[in-house]
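Got some structures for you, see below.
Presented sequentially are two complexes of subunit A, the first with subunit B as partner and the second with subunit C.
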Partner chain A sequence: MNTATTHDAHHEEHQGGLLRWVFTTNHKDIGTLYLLFALLMFIVGGAMAMIIRAELFQPGLQFVDPQFFNSMTTMHALVMIFGAVMPAFVGLANWLIPMMIGAPDMALPRMNNWSFWILPFAFTMLLSTLFMEGGGPAGGWTLYPPLVLQTGNAFPFVIFSIHLMGISSIMGAINVIVTIVNMRAPGMTLMKMPLFVWTWLITAYLLIAVMPVLAGAVTMLLTDRFFDTSFFNAAGGGDPVMFQHIFWFFGHPEVYILILPAFGIVSQIIPTFARKPLFGYSSMVYATASIAFLSFIVWAHHMFTVGMPLAGELFFMYATMLIAVPTGVKVFNWVSTMWKGAMTFETPMLFAVGFVVMFTIGGFSGLMLAIAPVDFQYHDTYFVVAHFHYVLVTGAVFAIMGATYYWLPKWTGHMYDERLGKLHFWLSAIFVNILFFPQHFLGLAGMPRRIPDYSIQFTEFNQISSIGGFAFGLTQLLFVYIVIKTIRGGARATDRVWEGAHGLEWTLPSPPPYHSFQTAPEIK
Partner chain B sequence: MTQADLKAANRRLLKRLGFVIVGMFGFVYALVPLYNVFCDITGLNGKTSNEAARVANVQPDLSRTVVVEFIASVNESMPWEFRPKVSRIEVHPGKTYRVNFYARNLTDRAMVGQAIPSVTPGQAAAYFKKTECFCFTEQRFEGGEGRDMPLVFMVDPALPEDVHELALSYTFFDKQKLTRLNR
Partner chain C sequence: MSEAHGGYYIPHGTTWPIIGSIGLTTLLAGAASLLNGASVGSAMMFAGVAIMLLMLFGWFGTVIRESEGGMYNAQVDKSFRWGMAWFIFSEVMFFAAFFGALYYARVLAVPWLGGGDEVTNQMLWNGWQAAWPTNGPADIGGEFETIPAWGIPAINTLLLLSSGVTVTFAHWALKKNNRGALVLWLIATVALGATFLGLQAKEYIHAYHELNLTLGSGIYGSTFFMLTGFHGMHVTIGAIMLTIITLRAMKGHFTPDRHFAFEAVAWYWHFVDVVWLGLFIFVYVL
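Right after this comes the complex of A and B.
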């Protein structure tokens, strides 16, 4: 990279043209890149979901062959998790953390540039596998051997793209930790940090702890396939079940990586529109830390059916249920923050309240799945699909959308169209429930996931679900339109934007100058 | 904090986080032997011993009956026929039994196979004693050759009381495709 130019550009506004975005080390530019990339991947992953729902509209095989259907479910998950939700959170972290803690930029700006620019290459490689001989990966995003080892030419490309995504998010996490630990403004003690910063600090620690585990697991798959190792090959003394243990040792912390920053976002939005400080700030911090700790000792609840001794089933069942305690603390704190508040319901607040209600539904179905004896019935059915879409779509994605509406006026200096924003929320909230709620019933009735066909008694609920899916998908085009419209113009946003907003980012002009907090603010 | 101090502090923290990342990557590989040891002790993954057990002076427990089921399958790259001669027998713990498995090479070239056993439920694996088994060694079959292979076993009387049934499963793998056996 051209270090001389970036150093010089530090004192000017910025370079012009497209190269500005390639060479940029500015946290606001990189935040924007991450968010736009996440939006693009959200559309790509969403298109795959539309193919899945179209195929499931009727029993029998309609549009795609089963192999392609399975590669759609696999790619949809990989794209949405690693391409949409995680980069969106990293983008928000880039934009907001320096402004929230009074720092001029991220601590390691050049690494920041690198960690973003790896991603387009990783996803080009991943998506290109769809055009390779043997098709894309179709064994599920969990990559269980021996099935995943039957992937065609795509296999090494999938593994390498996962390596790249891992490197990218590890670098992003390092940057967040170093920034928060070393670059806080004088007087910004840890327990004065906004909750979004806290949740991201904990998320970043989870990332550096488990992304190397995923990297190791997929490397073992790679050597099993090409270099005759037998990590997961029973014939060579290995054990395929060990992959599941290793994968979920990564996988369970990963699901909290996908939700903790959302907790942080909601903890910023609700106090603003309830016009009350957050109820139980320190309990929120401790609850987040407890959830992060517990996430390391519950992994086997994803694999209750592999044949575990009773003691193992009981341990993982109770440990999993224990997570409901700190999560419950958070939900009650959000409700208590709203209690007797002077609430108004602008779009960000609608998304935040929608998050609290619908994430809790997803949490409760999670509790049902945690009960080992009944999990044998729910395992790998649409009940699981409904559960994790409630926590990921109405949880993580709703929080990201709420965050976009909440901070977009700050980022662009323009107010978004409130009428359209509310319309977007209500359409999303209605259709997402039409989409995912019937899947609970399908799962309880025994419809397995990742299968392109189903028996005819499941037809009605699948059709309802598909209609909800198409409408939810179309509604998101409205979101894209609103965001583009707001970037291009709109009513001028004030510095504070929201009447009840508190925090350092709201003391800056809207939009904030390219370099903010060159001299650190004093926090009293 | 001056710029230089900050740079030094950043570098220190970066180094520490780097250790965590390298450590966690190493931890995954350390999990492999740890998992094997853990499974050896607990019998968690249903692996049975690969050596002949010595079962002298065991008093048969004729008052107790355990059902043993046999499952035989071939790996997808293995063009062999493979099945147990009896699929299910009732045994008394402590008594020795002999059963046969039949395998036939369906190709017209010589092949070497290796059978890998697994016992369900996993905690019963340690109590399933084999004194003679075709799985202890590799099996060479000429093209089109078929033969019976013996298994002599005993269920240890110490088998936990709540186990009434256990299943022994063999999978035949093509030895040529296995360049390395862990043990």
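Right after this comes the complex of A and C.
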């Protein structure tokens, strides 16, 4: 059964065929599974976005009925958040954290397998609801009652699929924390860890703290629907607004779960291509921790219009604005790292710089939304949609793509096609702005989100946005092509891959042996 | 088997997780079908539970064999400890969601509904007065009585607190390598836990049949039964784990300085103990 693929003495355990991937306990195999799963879900969720943009190309109803349209917005969000971005980050964590801290593998390898292998089941369950009586969930990914309680047969399946995703995330997060606290090579002190490891440590803490709260919230929905409870029913003394509080207590830290690892990635890429050490390493660590702390006390800024005491509105407004301080520290540090650096702009660097610019645009529109009286105007409009797509697409997704180009040569041993990579970046960067920038204007002009029809004065901006959307979607097929092409072959990558790269993962061969550090590396 | 860094055990290939995924999915898909009124649901649920049990026995069995076979060094032990600690933290946060709901309803939502916020009161249920316990302005589920704190719940508090003490005695016995005392104190702990569960069941029957206090008794019934119910479920799980630990202790597993499984279960038991204290204060006494 020897698949003579590595120079490693310990390759005897490679199982042949597909079952290798089902039974594997190896962090690299599992990382690959996570990343491929995320790519698949990115395409599925992207296809849903194409349906949304096609329907919105013109006012009136064209292609799909409103119920299905609402299913698409709901599912697009659930698939992209829980199926694409989060698994992609966990995949990166699996591949990179053991190599970055000089560990032989993740701390709990069997559980690692389980946290991945729950996901295909969870998403099969979630996606199957589209074909059930009454259609898929259509009340938005935030699952607000009482609307969500009107979902048809899909309802309990949606709830249980969210439970499954939560179990997977919690196990993945526990594994990351345990690996970081217990598996570091001697000499790898906390303040020597690469920032990607730091941001993931804090992300994992957030995950363990809030995924169970989401599980509790959706469990209450389930019992309200099927077991006569009155959590969200005012007639019984409950309150539908209570769901929003519990949900956003999860939901706000969740948005940092979706961005902190991206901060980590960018903090790895920029120093490499600026050929300077990261500016303000320790302030980066403290800023990440501050963001994580603040993320727990800002949740109700998602609910300014729902009815809250004035003191609540003010508290959540000011607390939210405070987040701009540590985030500003980060942006300042990235820019300072590039200042007077010997910069080159390979594809990962293009994505990282694109991230810094465009994520900051998303951050600024977030600051606008944080102002309670102004949010009364913006709430539930396309301005919000534009805002969170700037942070999630040009933020999280761009960082993941940058990470893919940055580490793919390490993982596969092959260089990607630099010409195609740059083309992919520029097409993505141009089209993503054509896609989302006009949505700011649509929102400011008052176009509500999650509605398949709109007044005719919104037509031009919607058409521009849709054209950008289709082009951005097509461009991502190029990404898939580049990744597959690189896996299958290409110029040999050196061990260090990038001239300015520092860190333990670059001391290993490309591709690295099946088990990275059989003996602990020496940390300088 | 490959070893690294002085023998950190890394298993190669495992069948249990995929079996667990299949079991869990079958169980949940069955439950969802049942809730939708499909009769196939209950059969699926049973199949799912059976697969899950197979997985749990198989997976834990493998780990116990490896542990007793001396394959785990101190670093592996530490990984397990960190893992268990964070798992318990996740459980704490799960209960926090329900305690949060209780707090929000009692301190904010119900008073607003009952006149604390004039507009809400006038628009929704003009004239309704806030009170606790309540089943809401629509009197959902009909009139009900609550269970007084200083009857069975107080006894249950004593039972669980004592079981926290007995499990500590068991730990001391294990550290002194006194296996007889270890097993006895463990049995005492399980017995206290089982008595707690018995009394809790009696109390539920009493509530449903004589007090008309049900899961459907508005926000009070919802928070009361969901909090105590999830707690009871955790006591049950804890008691099962304690039983297994007792059986393992009788078989001669664990040494005075290597007994992670014992400690993990003891931590878990203390955790359900502390949750109960929170319940006793916020659900029953206040």
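The working rule: the second predicted complex is superposed on the first by the 512 of 524 C-alpha atoms of A that agree within 3 Å, B and C clash if a C-alpha of one lies under 4 Å from a C-alpha of the other, contacts with A are read in each partner's own complex, and residues count from 1 in each chain.
Definition applied: contacts are C-beta pairs under 8 Å (C-beta built on N, C-alpha and C of every residue); 3 or more make two chains touch, one makes a residue touch a chain.
All values derive from a computational prediction rather than experimental measurement.
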Superpose on subunit A as described above, then tell me if subunit B and subunit C fit or clash. clash
By the touch definition at the top of the document, which applies to A:230: first (subunit B), second (subunit C), both, or neither? both
Answer with first, second, both or neither: which of subunit B and subunit C does A:457 touch in the superposed model? neither
In the superposed arrangement, which partner chain does A:377 touch: subunit B (first), subunit C (second), both, or neither? neither
Please determine whether it is subunit B or subunit C that touches the greater number of subunit A residues. C
Which partner does A:215 contact after superposing on A: first (subunit B), second (subunit C), both, neither? both
First (subunit B), second (subunit C), both or neither touched by A:24: second
Pick the subunit C stretch that clashes with subunit B in the superposition, from 25-33, 97-105 or 277-285. 97-105
Footprint intersection on subunit A (subunit B / subunit C) at 107-108, 170, 174, 177-178, 181-183, 208-213, 215-217, 220, 228-231, 233-239, 241-242, 245-246, 249
Residue positions on subunit A within touch of subunit C in the complex are 10, 13, 15, 22-26, 103-105, 107-111, 113-114, 117-118, 120-122, 124-125, 153, 156-157, 159-160, 163-164, 167, 170, 173-175, 177-178, 181-183, 185, 208-213, 215-217, 219-220, 223-224, 226-231, 233-239, 241-242, 245-246, 249, 515, 517-520
Contact residues on subunit A for subunit B in the complex? 107-108, 170, 174, 177-178, 181-183, 208-213, 215-217, 220, 228-231, 233-239, 241-242, 245-246, 249, 307-309, 312
Can you check the complex and tell me which residues of subunit B touch subunit A? 1, 6, 9-10, 13-14, 17, 20-22, 24-25, 27-29, 31-32, 35, 39, 42, 44-47, 75, 114, 116, 118, 120-123, 171, 173, 177-183
Going by the contact rule set out above, which residues of subunit C touch subunit A in the complex? 2-5, 8, 10-18, 20-22, 24-25, 28-29, 31-32, 35-36, 59, 75, 78-80, 82-83, 86-87, 89-91, 93-98, 100-101, 104-105, 108-110, 112-113, 124-125, 134-138, 140-141, 214-216, 218-223, 225-226
